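These are the structures in question, set out in turn.
Look at the two complexes coming up: chain A is in both, with chain B in one and chain C in the other.
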Partner chain A sequence: MDFFLQLLFTGVGIGAVYALVALGFVLIFRATNVVNFAQGEFSMVAAYLMVVFAVDLGLPYWVAFLISIAGMALLGAAFNLLVYYPLRNRGFLPVLISTIGASIFLGNTTLALYGPQPQVLAGWLDTPGFQLGPIYLDSQYLVIVTVTLALVLFQYWLFEHTLLGKKLQATSQDKEMAALLGVPVALMIMFTFVYSAVLGGIAGILVAPVLFVSIQMGSAIALKAFAATIIGGFGDVAGAIIGGFAIGIVETLGAAYISVPFKDAFAFVVLIAFLALRPQGIFGERVAEKA
Partner chain B sequence: MTISRRALNWGLATSLAAPSIWGAGRAAGETIKIGMVLPVTGPAADNGKYSLAGAKIALDRVNTAGGVLGKQIELVTEDDQTTNPGAVLAFSKLAAQPDIVAFLGSIRSTQNHAMAGDILKAGKPVCFGGTDPKLTKLGNPWLIRFRPNDTYSGRVIATYGVETLAKKNWAIVHSTDAFGTSGFNALSTSLEKIGAKVAIDQGYPNQSQDFTPVVLAIKSSGADVIGSYFTFDNDLAIFARQLRQLGVTLPWVGSPSIIAVSALKLAGSALYGSYGVADFTIDANPESKAFAESYTAASKLRPDNYSSWTYDAIGVLCDAMKRAGTTEPNKLRAAILATRGYKGAEGEYNFDEFGDGLHGYNIVRNEKGSIVFDKHIEFTD
Partner chain C sequence: MMRGSLPGLSIYALVAVVAVALAATVKTDAYVANILMQAATYAIAVFGISIVLGLCGQINLAQAAFFAVGAYAVALGTVDYSLPFWLCLLVGVGLAFASGALLGLSTLRLGGHYLAMVTISFQQILTVVLINAIRFTHGPDGVSSIGRPAGFQSSQAFLALAIAAMAISGYFVWRLGRSRLGRAMRAVRDNELAASAAGVDVFRTKLTAFALSAALGGLGGGLFAGGFSYISPDQFAFADSIVLMTMALLGGVASPVGSALGTGLLILIPEWLRFLKSVPGLYLAIYGAAVVLIVIFMPDGVWGFVGRLFARAPRAPSSAAEPLMLAPADSGGEIALEVRDLAKHFGGLKAVDGVDFRVRRGQVHALIGPNGSGKTTMLNVVTGLYRATRGAVSVDGVDLTALPPHKRTTAGLARTFQNIRLFRSMSALENVVIGAERDGNRLTVGDASAVLARARSALAFVGLEERMHQPIPSFSYGHQRLIEIARALAANPTVLLLDEPAAGLNLTEKKALHDLLDRIAAQGLTILIIDHDMTLIAGVAHHLTVLNFGKRIADGATAEVLRQPAVVAAYLGAA
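Moving on to the complex of A and B:
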């Protein structure tokens, strides 16, 4: 039982990171009907910004965090203006390819500016972890889960209880109708990119003390987050969260009880099963209604 | 981030983007070109930086001394993107240049396997650092190894763990790629021969984000020592940290990645007290010390095996060209294989008929972050 609980804790921690990045995928997809393949790079860029401000410049952790998040908001806005907006009327594929290009650009630019050596970023708490009976609780995983749950609650409040949230929902459901009703659609899409970049950035900063800061850290997370998005039901916020946690737990338990070498495969076996048996994902009905 | 590091990175990027810079001002045919496949992007990009720096030091040394056969040596590089398809593409680009006389391949066995077919077609010597023993037994005469293969690392890890540390119940952790699998095979075979047993075998996929299942399996296996073959430094560092966090304090003897510069930086105190087999150790011999001084002076970094094998490969290649008096592929290969007693940073090169130049390893210990040389174990069989 101790063995299981230890694994469950780790799976939830990793799953929380997938969920955060998946949330970014979903928000942009809902607003633009496009998958942003640079979502993982948002995490990587934010982690490097933290290294620059917190490690290289020695600023206090929270100051570095706020500056990095502000930087990610700017990056999200620039991404919207340069990668999405010029191609918004050219269909699905050009925008998709544009995001892949942006992903490569962000990775190689960071490589050229900072160099290839992975970097170490300290955790949010001074203590590395706590022993709770037989279970070791990594403090960074506790932070990751806590922040993820807080962001989920914030997002629920934003979308369900604010005018801005209603406008964002209207934009994601029907842009033309939203525009006719006076919703500034372009501004809402801009806000979505900014918010998604910030979410991806927070995920990167949270996971950096666990996985280290490297050019490829974002793509490794994004692949699983993408699978989580499909499992949850593409376009569904709750589905992305549940999908993220599900993948984190399934791959950790699968590795422990079945096979470590096939650890990565478990996530994708679940993905294939969903694509075959329930392609609309866990919360697919709502997407179908939307269509 | 310091200005000097940024300057170094930009300098490196510029050099890689325009490798002909090193040969600028020389007319075609006035230099002898050596091709080099290395990771400039991807997870091993930092390793590629070290490999290039090691090769460049050897290149400068040779060129300063007048070059080879009356010509300066020029290095032409291609990025393998740290992937097998990337390595194949990079080698193809280099192989298409007829004036390249020899190549430096990869330190990763899996990439050398991927390139082996094209290497055979190219028909020119390829010096490589991958340690899968099979690579020099493929029947491909152009593959020539500049690091001791895993047969030796497995024997040294097993011998040291069983005879010096008196541990006979092993947990083996290894990547599931060609390097990790061949390392596991070599270590488990060696353990069996000397009467020890493998309590648990834990293969893992590269770029794993979490090693909790592996650590817990080791913890409950009853093993009294860990042997490891990690391909990537970040995987090793994550494992090391989780190992200590989950309370596993078993002695640990690892393949050379356990003392790689990046691994030491990332894992920090989690690697204190661990042992490693190392083909390159600064204090192993006068040549390794001299190389370390040159490397540190040039790059401000501590050298490791990513840089030492490329340094030696360029040195042996140039020495062989001089002895052969030509760059004709068959004669150059014969001259490389005829190398005896060449003292390099990695040790003394005595090539066998298969193309293996080194036949032993050093044992080192991580003393609070410092790598301390213990002894060298050489095999003659």
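Moving on to the complex of A and C:
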């Protein structure tokens, strides 16, 4: 039982990272109707930026964090301008392929610049963790869960209680109508990409001390985050968060009780089972095309 | 549609035979032979992508995995189980086909992003299994000394075999694009709703495309294993699936020639750019950037780009089309279409709430009502795009309520859409051909030339035969409406359903539409029409059913209904 609780804690921690990346997926999907397959690369790039500024240049952790996040905002903007915007009127498939191309570009440019050796990034807190009854609470996992919850609350406030949030929602529901009502749609989409890149970046920086910082970390996280969005119900914010935690827990338990080498396959098995049995996910995607 | 194909085909056959003969006889050094072997086997897999992505518009990010299925079937079969090569190849292709079909079954009903995700998942799971199930797959070390069939033991003979297989697969894909199935795939790619309304079984078409694509992946992989005698899991990773897709995109995903061209380019260019591989990642970074650039600047690939430079102006037809025959009024029972107590609720909104009406054979029956009264919802429930909350729909006395849209088309419905839905990458004629070849069209069953003649007649009927080879975007809005009507007429339906055909037309076009409807009605075809233009409705309709707030408020002969106070009130507001 203690072992199980310990695993549950780890699963929730890693699940929080998936949830953050999944949020990025959902936001971009709602704004553009396109899945951004480079979402995971945002996390990877941010983790490398932290390695550059905090480890290589030795800046204080929070300074490096702010610089990295600013860098992610720029990357999100550039991504929108170069990868999405030229294709915005060409339907779903070209954009999807374009984001896949961008993901390969980002991953391998980082590889070319930084080499294949995984890097180590220290955690935010100096204390490694503490014992709470039967389970050991790793401090970085606590940071991950806390920051994730804070971001989720922030996002709820942003979307439900600010004018900017209303405009973003209007953009995601009906771009033409939103534009007619004076919502600057192009700017809202730009904001969405910037915000999603920042979310993905924070997720990458949070998870870096737990994993190694490597070229592959992005696609591994993104695939599971994507699975989380489908399990939660595509396009649903709450679903993405719950799906993220679910994938994190399933994967951790699967690795411990079934097989470590097949750890990365569990999320996909769960995903395919969901697609076969309940494709609309826990909360249900609202899909309907008007004739 | 077969214009110019015969000379092109004989050139293709000649080139293929010469290539196979050269490969079988001319000695090349091992380096060149390896590159050719890789190109030929990859090209077969890329042809698969040109079916699923090019023809059918569905994404497959696991082609390297299907390639691996074929390769491992041949490798493990010949090495561990001493089975004959041909049997292993057959099993490999069959397994790839089956796994493609299974993956498709789980996701093709859903949107494209699910398919992308599931194919990636399959790719990742397979890679994990190939590496970790060591007792079965030999693990990361791979499989060596893979067997070849008798008669093709030498590398040179096997290369000739691979090139021959490539040529035949390429021909198969080219033929597929011109077949009924290929047209259905393109229809699904261009507009799924219109395809199902035209009688195409969208799900089965996608599934077939996906499984065929996977099977070609398996074939390429099986030959690859025989050609190189050694395989390992790292040759079939996700990155390789991307490479295969990029090959198709670069060359031109819509055509097998483009796919082969793209494969050749992406195998040769890296050889020339070998020096880039000294910096790990640089080469793939350029690859990734190239994918983005190709998608943005060369949407039809190199071959599509070249093709546009040499495109010939389409010729007008030389002979006249036969007059169009439509379903006559004097056959079958008195009621062509019957709607009983039909309801469609969206949550709490009762868009249609218990409506009855009967459309008599040979009549023009109009469904009118203010905006939001449920007319289009009614049409969508009748044609099966929406599932009815309750009630029944029958055509010729046959209950259609439980059938999917394409089956209702088979049963005799044909419709147009309020916002025009044509297959925009095709010519006017091809659009109408898809209508003509619906299952259940007695006039054209199993006869390609009858389909073509029927489609031409339908276009001639709406006055656009001269321009039949032109692509859809070159037609005006009004003409696009006519093509959509021609597509529905070509299907030889029992009932023609028109959803606001006059919307957006100017006065001249409306007058032409009125004439056209009169000519259709004169032949006795039963029509159910929705429109807001009361001049048009009063002029063509024999019978009116009026809806308001999802309920029927009037039903009867046109002149009578238009005098009823409730109808006047609904339209003009109560006085």
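By our rule, the second predicted complex is superposed on the first by the 277 of 291 C-alpha atoms of A that agree within 3 Å, B and C clash if a C-alpha of one lies under 4 Å from a C-alpha of the other, contacts with A are read in each partner's own complex, and residues count from 1 in each chain.
The rule is simple: a residue touches a chain if its C-beta (ideal position, glycine included) is under 8 Å from a C-beta of that chain, and two chains touch if they have at least 3 such contacts.
Since the structure is predicted, the reported quantities are computational estimates derived from the model, not experimental observations.
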Putting chain B and chain C onto chain A via the overlay, clash or fit?
-> clash
Mind working out whether A:Ala256 is in touch with chain B, chain C, both or neither, as first, second, both or neither?
-> first
Identify the partner contact of A:Thr32: answer first if only chain B is touched, second if only chain C is, both if each is, neither if none is.
-> neither
State whether chain B or chain C is in contact with more residues of chain A in the superposed arrangement.
-> C
Check the residue A:Gln117 against both partner chains and state whether it touches chain B (first), chain C (second), both, or neither.
-> first
Touching A:Leu7, do we find chain B (first), chain C (second), both, or neither?
-> first
Between chain B (first) and chain C (second), which, if any, makes contact with A:Thr171: first, second, both or neither?
-> neither
Which holds for A:Ser68: it touches chain B only (first), chain C only (second), both, or neither?
-> neither
Have a look at where A:Asp138 lands relative to chain B and chain C in the superposition and call it first, second, both or neither.
-> first
A:Asn108 contacts which: chain B (first), chain C (second), both, neither?
-> both
Once the shared chain is lined up, is A:Ile215 touching chain B (first), chain C (second), both, or neither of them?
-> both
Going by the overlay, flag which of 24-32, 60-68 or 78-86 in chain B ends up clashing with chain C.
-> 78-86
Both chain B and chain C touch chain A at residues 107-108, 111-113, 115-116, 215, 261-262, 264
Write out the stretch or stretches of chain A touching chain C in their complex.
-> 29, 35, 37, 82-83, 86-87, 90, 92-94, 96-98, 100-113, 115-116, 215, 219, 223, 226-227, 230, 234, 261-262, 264-265, 268-269, 271-272, 275-276, 279, 287, 289, 291
In the complex, chain B residues that touch chain A | 1-2, 5-6, 8-10, 12-13, 40-43, 45-46, 48-49, 176, 202-205, 207-210, 212-214, 216-217, 220, 233-234, 237-238, 245-247, 262, 265-266, 268
How about chain A: which of its residues touch chain B in the complex?
-> 3, 6-7, 10, 14, 51-52, 56, 107-108, 111-118, 120, 128-129, 136, 138, 210-212, 214-216, 220-221, 252, 255-256, 260-264
Which residues of chain C touch chain A in the complex?
-> 53, 57, 59, 61, 106-107, 109-114, 116-118, 120-122, 124-125, 128-129, 131-132, 193, 238-239, 242, 245-246, 249, 279-285, 287-292, 295-296, 299, 376, 379-380, 385, 417-418, 499
